[in-house]
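A, B, C, D, E and F label the chains in the order they appear, each numbered from 1.
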Amino acid sequence: MPYVNIKVTREGGPDGTGPSAEQKAQLITGVTDLLQDVLGKNPATTFVVIDEVPLEDWGVGGLPVQEYRKQAQ
Amino acid sequence: MPYVNIKVTREGGPDGTGPSAEQKAQLITGVTDLLQDVLGKNPATTFVVIDEVPLEDWGVGGLPVQEYRKQAQ
Amino acid sequence: MPYVNIKVTREGGPDGTGPSAEQKAQLITGVTDLLQDVLGKNPATTFVVIDEVPLEDWGVGGLPVQEYRKQAQ
Amino acid sequence: MPYVNIKVTREGGPDGTGPSAEQKAQLITGVTDLLQDVLGKNPATTFVVIDEVPLEDWGVGGLPVQEYRKQAQ
Amino acid sequence: MPYVNIKVTREGGPDGTGPSAEQKAQLITGVTDLLQDVLGKNPATTFVVIDEVPLEDWGVGGLPVQEYRKQAQ
Amino acid sequence: MPYVNIKVTREGGPDGTGPSAEQKAQLITGVTDLLQDVLGKNPATTFVVIDEVPLEDWGVGGLPVQEYRKQAQ
């Protein structure tokens, strides 16, 4: 009866604006399979929720992620 | 001093695009009353946050929810 | 297909150490009914997860909750 | 290796539609510094995610926040 | 720069008290690999947090999960 | 009306078993002040919840954090 929340930055994907519906479906299938393989969890009661987070809302190293990447170069 | 987070798929409601503001208000009132009735929690310090999740971002049974429903038919 | 997370401070309940199993069951039933009544959500796909948070881990007004209550008196 | 999630109502900021990118950057810097100062956490492994919540999705006192404020006046 | 939270009921595992450390490591590896394979995410900035939830704190079908399973039989 | 959740690994602090109550109080005060300074948020309606996560439940780089640190040396 697992619940999985996956947060990713809204970027990449086929047109640079975030994961495609197909990529999200792959994440859903993959993590559900993983929970079945490792812990025997029933897929029918495995929920997966994906959140796309705008780049300005994600920080690392004390900076918004885009600033962080510039400085890391 | 409770904090409640309610996640629902973005669908249904008066025009099919998700719960209306009035329905959300009913959820807020209902869960706040529940916490007061069962645990004596003060409504003034009960926070409720509702998240509407796009259908392609919600998975169950290893599939995005719309695919899952098609297969379940 | 809702997911509800309820966070409450670990206090109160029959012996002062937090909600009883029976009180938690009432929260689960109550919020599931609410989602069915307001949005027509199917209870079989409504998940509820309750977290009890130690008092020293909950802050309000810039203070741990117990300090806050002392000052509010 | 901290993870911080900050949820605020979508309001205020320079044009009333929520915090500006600069204000969000200040939150990211401030909370990352705080975790370094108090607990010695490495900024490079401190993630901060900010969520802006529409006003109709935030409840307090059993009401959506805007209704609550009207009644509190 | 993903963040993944996996919530499972505290049960099963080698001695019935929840997933073993080895099983958790498999979940961490598996979901990190998945995000690298599907979205090209860097494992070094992929965080995974696993929460074990006591059975009495998890509800489905309007009941604590153990009650729900009894009735589903 | 902010809600802040801070997740840290359960380690460090005065006796190596995690942040002390005093350190947690400093986090609560610091992040509440930050939200007041940057966004003008009222401390009385700012909630902070701290979660200590066991080391085996936190993954980075595809490994539980302790394994990751060993390999990073």
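Going forward, a contact is a pair of C-beta atoms (placed from the backbone, for glycine too) under 8 Å apart; a residue touches a chain by one contact, two chains touch by 3 or more.
All of these numbers come straight from a predicted model, not from anything done at the bench.
Student: Count the C-beta pairs in contact for D-F and for A-D, then report the pair with the higher count.
Tutor: D-F
Student: Just to confirm, which listed pair, D-F, A-E or C-E, duplicates the contacts seen in A-B for more than half of them?
Tutor: Among D-F, A-E or C-E, the interface that shares over half of its contact pairs with A-B is C-E.
Student: So, what's the distance in Å between the C-alpha centres of chain C and chain B?
Tutor: 15
Student: Roughly how many whole angstrom separate the Cα centroids of chain D and chain E?
Tutor: 27
Student: Distance-wise, how many Å sit between the C-alpha centres of chain B and chain E, to the nearest whole number?
Tutor: 22
Student: Using the touch rule from the top of the page, what residues of chain E touch 2 or more other chains?
Tutor: Those would be 1, 3, 7, 27, 47, 49, 58, 60.
Student: Which positions of chain A touch chain D when the two form their complex?
Tutor: Spelled out, the residues of chain A in touch with chain D are 7, 53, 56-64, 67.
Student: Going by the contact rule set out above, which residues of chain E touch chain A in the complex?
Tutor: Chain E residues touching chain A: 1-9, 12-13, 19, 23, 26-27, 30-31, 34-35, 37-41, 45, 58, 60, 65.
Student: Across the complex, what residues on chain C touch chain E?
Tutor: Against chain E, chain C makes touches at 21, 24-25, 27-29, 32-33, 43-44, 46-52.
Student: Going by the contact rule at the top, pick out the chain A residues touching chain C in the complex.
Tutor: 1, 3, 47, 49
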